[in-house]
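What follows are several structures.
Two complexes, one shared chain (subunit A), two partners (subunit B, subunit C).
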Partner chain A sequence: MSFDATYRDKAFKSVGTRPLRPDGVDKVTGRARYGADFNMPGQLVARVLRSPHAHARIKRIDTSRAEAVRGVKAVITAADLPDLTDGDASLLAILDNCMARTKALYDGHAVAAVAAIDEKSAKQALKLIEVEYEILPHVVDVDAAARPDAPILNEAIRTSGVEPAPDTPSNVANRSEFGHGDVDAGFAQADVIVERSYRTEQTHQGYIEPHACVANCNPDGTTDLWVCTQGHFVYRQTCADLLGLEVSKLRVTSSEIGGGFGGKTHVWAEPVALALSRKAGRPVKLVMSREEVFRASGPTSATSIDVKIGAKADGTITAAEATLRYSNGPYADMWAELGAMTSFACYDLENVKTVGFEVLVNRPKVAAYRAPSAPMAAFAVESAVDELAHKIGMDAVEFRIRNAAKEGTRSSYGPVYGPIGIGPTLEAAKAHPHMSAPLGENQGRGMACGFWFNFGGQTCTDLNINADGTVTLAVGTVDVGGSRASLSLIAAEELGIDYQNVKAVVADTATLGYNDMTDGSRGTFSSSMATISAARNAIEVMRRRAALTWDIPVEDVHWEDGHAKAAGSKYDNLSPLSVKEIAAESGNSGGPIAGHSEMVADGAGVSFATHLCDVEVDPETGSTRIVRYTVIQDAGKAVHPAYVEGQYQGGAAQGIGWALNEEYIYGEDGRLQNPGFLDYRIPVCSDLPMIDTQILEIPNPNHPYGVRGVGETSIVPPLAAIANAVSNAVGVRMTHIPMSPPRILAALNADKDG
Partner chain B sequence: MVTVTLWAGLVPLADNQKTLEVEADTIRDLLRQLTERYPGLRDPIKNEVAVVIDGVIYRDDRSRPLPDGAEVFLMRRLAGG
Partner chain C sequence: MRYERPQTITDATALLAGAAGNAHVLAGGTDLLVRMQNDDFDAGLVVDIKAIGGMCEIVESDNAFTIGAAVPCAALSEHAALVAAWPGIVEAANLIGSTQIQSRCTVAGNLCNASPAADSVPAMVAAGAQARIVGPDGTRMVAVEDIPQGPGKTSLEKGELIEAIVLTKPGPRSGDAYLRFIPRTEMDIAVVGVGVWLALDESGLVQEARVALGAVGPKVVLAQDAAAAIVGTPLDDAALDALAAACSAACNPIDDKRGTVTFRKQVAGVLARRAARIAHERAGVRQ
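Here is the complex of A and B:
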């Protein structure tokens, strides 16, 4: 279907307004149905047995005593999830992560599961499953795992991306490299060089709702899955592939989602619940506990990053280099590669080189977390950029403006940029009152920039004009951040009707064509394009209906302000027909009126942000308080500005937690020591100031309304902005995230001693 | 005619060439010609490629025209959160 996505400047009536959130009342009154709120008659309770060992060979599993427990209806191990992946290594890794096949690869790795009539029976059965382990040496530290003498997780892995190809196994699964120019020549031209190493610890997305699902496999092969996910169509495909199900017979319905941030783009428990239901012949409900979410869902990478940047005395960067080592968990992915691509993307560099190493460790499989991999790279690079500006004696914002990427710049990851927004965010920062506000005792100010790619993807939407003139919009992208509101605004705008007359719902996989998941900041970007297309198709139907009603050629009917209007003086006696009037006659003019759209929404455009932050550090305790925080980001066009501000604030809030407190802490035994919100501290309201936002609107040329994705970029700058602020406050460069009180005190003491 | 730059991981699969000249009108045409010329590229192109045209990333739209003289990059498909 042809659809012209080119941006056209226009005045908006609905887009850009701030109506009440359509899901707000349900969420605050408890009526909204999240993953764990769904139940079926006769459903069983599932519980998962998890490895207490970081690395162990599974020599034997005996489930016979568990199966004999009264009330137990099914017990499964990897034997119940046979390998149907047909040589697809990434799919096999997903299967192995759902249920360990030969080795437990991290503390918390699933080794068996039980479905029983109640929780008590399930827990009793778990205790009776006998697993004989051969405990193996483990490694959880990213640098230690990369050393040649480290315990090897997978003997089949040879480092790819290096020449000549190695013939010995390694935990370094892949090397990737990006850049251009000659960095050695560039450093030779530099008057000042900053070279440092940085570390960030592993964090979790910290979504409030744990993973939850209900699976129901029927004897005829039809299967239902109700699940909390960012992408029910993707879950359908993955589960069908893993369990050998027919896609058309597996119907997946997404629940309301209590946060995902990338962590609900991967299946963890769902194939297990389906396998249990298939074996038991009953519906099975599986809800992960918070401890299980921490131990066995997908946190972000821990990293170790070396950065070297050189500049002339006038502030021009002459060369930049970074080596990035990212932990992947036990399965290889592209997390360091993403870090290597994004590291220097904000800057116009003649000579740049980044190298990424994917490192396997005995920790949970890493998952995407909001602009995955970019925040850690930005922390390292933006810290070094700040230090370089200080050494040269330039203002940190001016230094960045001088070196900022612009249209025509060759990006550090390869392509040449079109029109981009890093310059405007920096200019806005320079002019912002925050920059000139006075600072108090023990306070410091920091700033940093951030980049993320954004993308679109496959999208399918139905728009139905009901007989009363109201509109139902069925979309297939899960609403994680307000897309039902923004898409309703888009439909209202395009049709020329009131926002209150549009109701958007997320359709299940049986009632709409395939949609990619809501990730890559694509929810509103992609589905709004499909909604515009569907609305325009519905308008075409309504024009034809009006022509029929008036008995005039359809070419003489045009659409304006929510009405079909007959063009030309010969039709002066014909009053315009509203959507409501056309809909009321639909039964007699050809039947229901609908618009459909299926498309690939591409051309999302890259995204930039600049953050400003003031902190106050208590020199006695090392405790840090965020005093003031400002987010400046380009939205292209803010469809529902309150939600856009919410995305900006949410990214900053998560970044504040990551920067100051959050980290996975492992013991010598390779077990996670803090799998709960008491010991893994995410920010609460009292930890945060009002986070100020400034929305820039530089239209995306590849979207009819100029919309860009806004969900992810806001988490990229905070680690660096806060680190720069803390460093400025205490006078010591902080190089290790999180900057928890003990780590700040240690840095202060080392500085005193040194 | 467009000049295509491959990401480093693809270079060994294309006779160690980092850039290639291809006479192609669309992304689909480009990828078809690349897989015909270098069969080793078939799997990565099928599963993990995104195409960047003059700085804009296209992950799925294989009908996208390639303007003459366009700068084209093959990038790995990205993960998002």
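Here is the complex of A and C:
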């Protein structure tokens, strides 16, 4: 059935309210079942042996002594995960990352795994696996790795995207370029130019729940996987591809999820658990420790970025250029490319050029992290923009308003924008009381803008009208931020019933059609579109049932306020039929009532935000305190405003941690020094002020209710907003994230000495 | 692993003395239980001392406070007389971990864990605290600064354990303070810690002082030059400058994941100055 997704202005009854989430009680009472909370009879415990070396050739692995340990049921190495990838390089990278094939490429890279009847036997067996390594020179720094004399991670890599094609190996896997106009001509017109280099260190998503799964391979080839993931359909496909399983025989159920932020869109341990279960013939549970999570999952890229922006004295930007080097871990991906695309997306520029370089280093394979790659690019660009405004003598908000992208602007990465929210967020910032609040001693104010693409993707939803008139909504996008509540509101709105009468569940892969994962801020955007479609299909069925009951033509039945109503005066004596009444009669009127939908949810609608931040710096110690923080972001339409605010606050909180203290610290030996929450410092509650939010609603023309994704953009501006605030507080430009106290104090000392 | 919960100190020392493999004393367990999660951890015997009489009590006599080795740090802040006498120590003990941790962790455990960054240790050293050690050969009193020997290492002999920390009651016109630097606001480990105790003479000049530094070397540093820098002064700016410089000079830190050498040296001076001011203010109001 064709579905019209065009936005239509309407008054809402359910959408925009703030009811409690359906999963809330289970979560606060400890009854919610996360990845590690599932158990099967006869289940074995899995443990993974990991390389202590940053870069080493695996010359020999002897598992015989481990296999002889009483209670050990299976030991696997890469030999048990044969290469079935058929030339698909990205799939092979996933396989190699799950279990090192010829070389260990980072500290923490899995080299073998054990399944045993208990933890003790598994631990004992791990110690008895003999691995002979040939230690190779390593490189963990993004700039050092890009140099010609760096140790090469993969001899087969030639830098792609450059002409002529190089014939020597390099750690620079790819060069990408975006932009339009002539930047040299643009800089020639500039009265003032700012040119600087910036660095950001590697951070982890920091989800509280470690990766966990239970895998069960039966002798007949049917397989079950219970797992904490952001996308069980994607995990099903990837695991089936890697292990040579039939998709229909692999049933994946997603657990509740204790945070993912992009980090649970990639498989890590699941193929290993499946291979162990297949070998042992028993269910296998694999739960990563926090140390393993840090050493071998996540993280985001470390970056080194050069920015040059020129403007006329009146504040018009004439040209903008950025060169972005992003660490990828040991396998080539497109992280710098995403940075290059997003760098200048907030601005209307005549001449713009961005170049991204993907750099391989001996660190864990980089994973998506909330608006992946955009925060670092925004840090560099928004720092330079701020400095340029200062140099010209213009207010930082006015300068941005003058150059902001608008409807019809050709974006720096190509497309022409429709109606967008960057201008309105800046105007809201200008008018916000935060902007004019007085600052105390040693305090500084900063601001920054951020952009994210947002994504729609493949979506499938079932909506069942139960005999009692309640509704069960089965969706295939994992609920990472309250989407079951939001989607229930959407179903209630469309059907005209009460929120309490809708129960949303996340269906497993055997009971619903394929869904892309919950990424790209798509969960509520795409599944709400599919829910509206499914609800409209169910309404069609109910109209037909009412027509049948009344014995009138279906064209004369319309749907209003949760009721089928007979149209026109000729049926005056018919009282409307409610969902409950129609459902009660469904057994006699044609059987169960359901609405189904399948679609590619196009038109996600780009997202913009502006953040304001006040920071106090102790000039004697470099200690920082976030005094005040305000997030202003376009939501299109906030379906459940409390959870939209939660997304805004959460992104800001993660950005604050990234800006101030979070970083991967490697020793000379290439080993991660801080694989734990004690020394990998995410903010604690007392580190943060109440983060104020302002929701703007500029309807997305491509969604029936105007919804845009809101999950990711909120992490894009904080690095820059805080860097600008700190720089303004201390009078020294901060160019290295995180701005930990030793870095701030060193910058202050250098300024005093210089 | 064998777990024992002896009723007497004699039984405890006998168990520890007779242990064949690795033996560990369990008080609050906030360090031990975390270490037990490590794959490399191997314990033959764990001796829980909380059932031993007096271990969970603070005893106040005419001239001292005796803090049993199993008294949780949170209990220190509920002992009004102790808070009045040694506010710096009580504050230091209640910077450790979180509220939940403080309800289990102990200052004796903090000392025996022998982390150079232990918060309560510089405060106790500055206060001249003593540890009462019991072993197979009897009881001995040892200055707190002589217990840690390096990260994870103490001067306790096999079979010995700390029975109590003994704090002499402070004299008139004296005060103590402890400050530490962490990048966050709580739930963190000191990058630098400074404990200061000082006593004034009747004219208001510093008569005696002890300054102790944490996290700036392999073990707590009793900075005698720093103390000497303020003795005989009215703790004016010149004295505070000299104190800061002496503290920076007394540091022997390393660059590590928590901070740099430069940062630790500089901030040790800053915190010493601030802690000395607090101790001075406290001394001024205690007659």
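Here is the rule we go by: the second predicted complex is superposed on the first by the 753 of 754 C-alpha atoms of A that agree within 3 Å, B and C clash if a C-alpha of one lies under 4 Å from a C-alpha of the other, contacts with A are read in each partner's own complex, and residues count from 1 in each chain.
Operating definition for what follows: a residue touches a chain if its C-beta (ideal position, glycine included) is under 8 Å from a C-beta of that chain, and two chains touch if they have at least 3 such contacts.
Since we're looking at a predicted model, the values are computed, not measured.
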item: Touched partner set for A:476, first subunit B, second subunit C, both or neither; value: neither
item: Partner chain in contact with A:661 - subunit B first, subunit C second, else both or neither; value: second
item: Touching partner for A:35 - first (subunit B), second (subunit C), both, neither; value: neither
item: Subunit B versus subunit C as contact partner of A:687, first or second or both or neither; value: second
item: Subunit A residues touched - subunit C or subunit B, whichever exceeds; value: B
item: Which superposed partner A:160 touches (first subunit B, second subunit C, both, neither); value: first
item: Partner chain in contact with A:674 - subunit B first, subunit C second, else both or neither; value: second
item: Partner chain in contact with A:746 - subunit B first, subunit C second, else both or neither; value: second
item: Touched partner set for A:418, first subunit B, second subunit C, both or neither; value: first
item: Subunit B versus subunit C as contact partner of A:231, first or second or both or neither; value: neither
item: Touch list for subunit B against partner subunit A, complex; value: 5, 7-9, 12, 50, 52, 54-61, 64, 71, 73, 75-76, 78-81
item: Of all residues in subunit A, those that touch subunit B in their complex; value: 160-161, 163, 174, 176-178, 205, 260-263, 265, 333-334, 337-338, 368-372, 411, 413-418, 453-458, 519-522, 600, 602-606, 702, 711-712
item: List of subunit A residues in touch with subunit C within their complex; value: 123, 126, 620-623, 660-661, 665, 673-674, 678-679, 681, 683-684, 686-687, 740-742, 745-746, 749
item: Contacting residues of subunit C [partner subunit A, same complex]; value: 39, 181, 183-189, 191, 256-260, 262-263, 266-267, 270-271
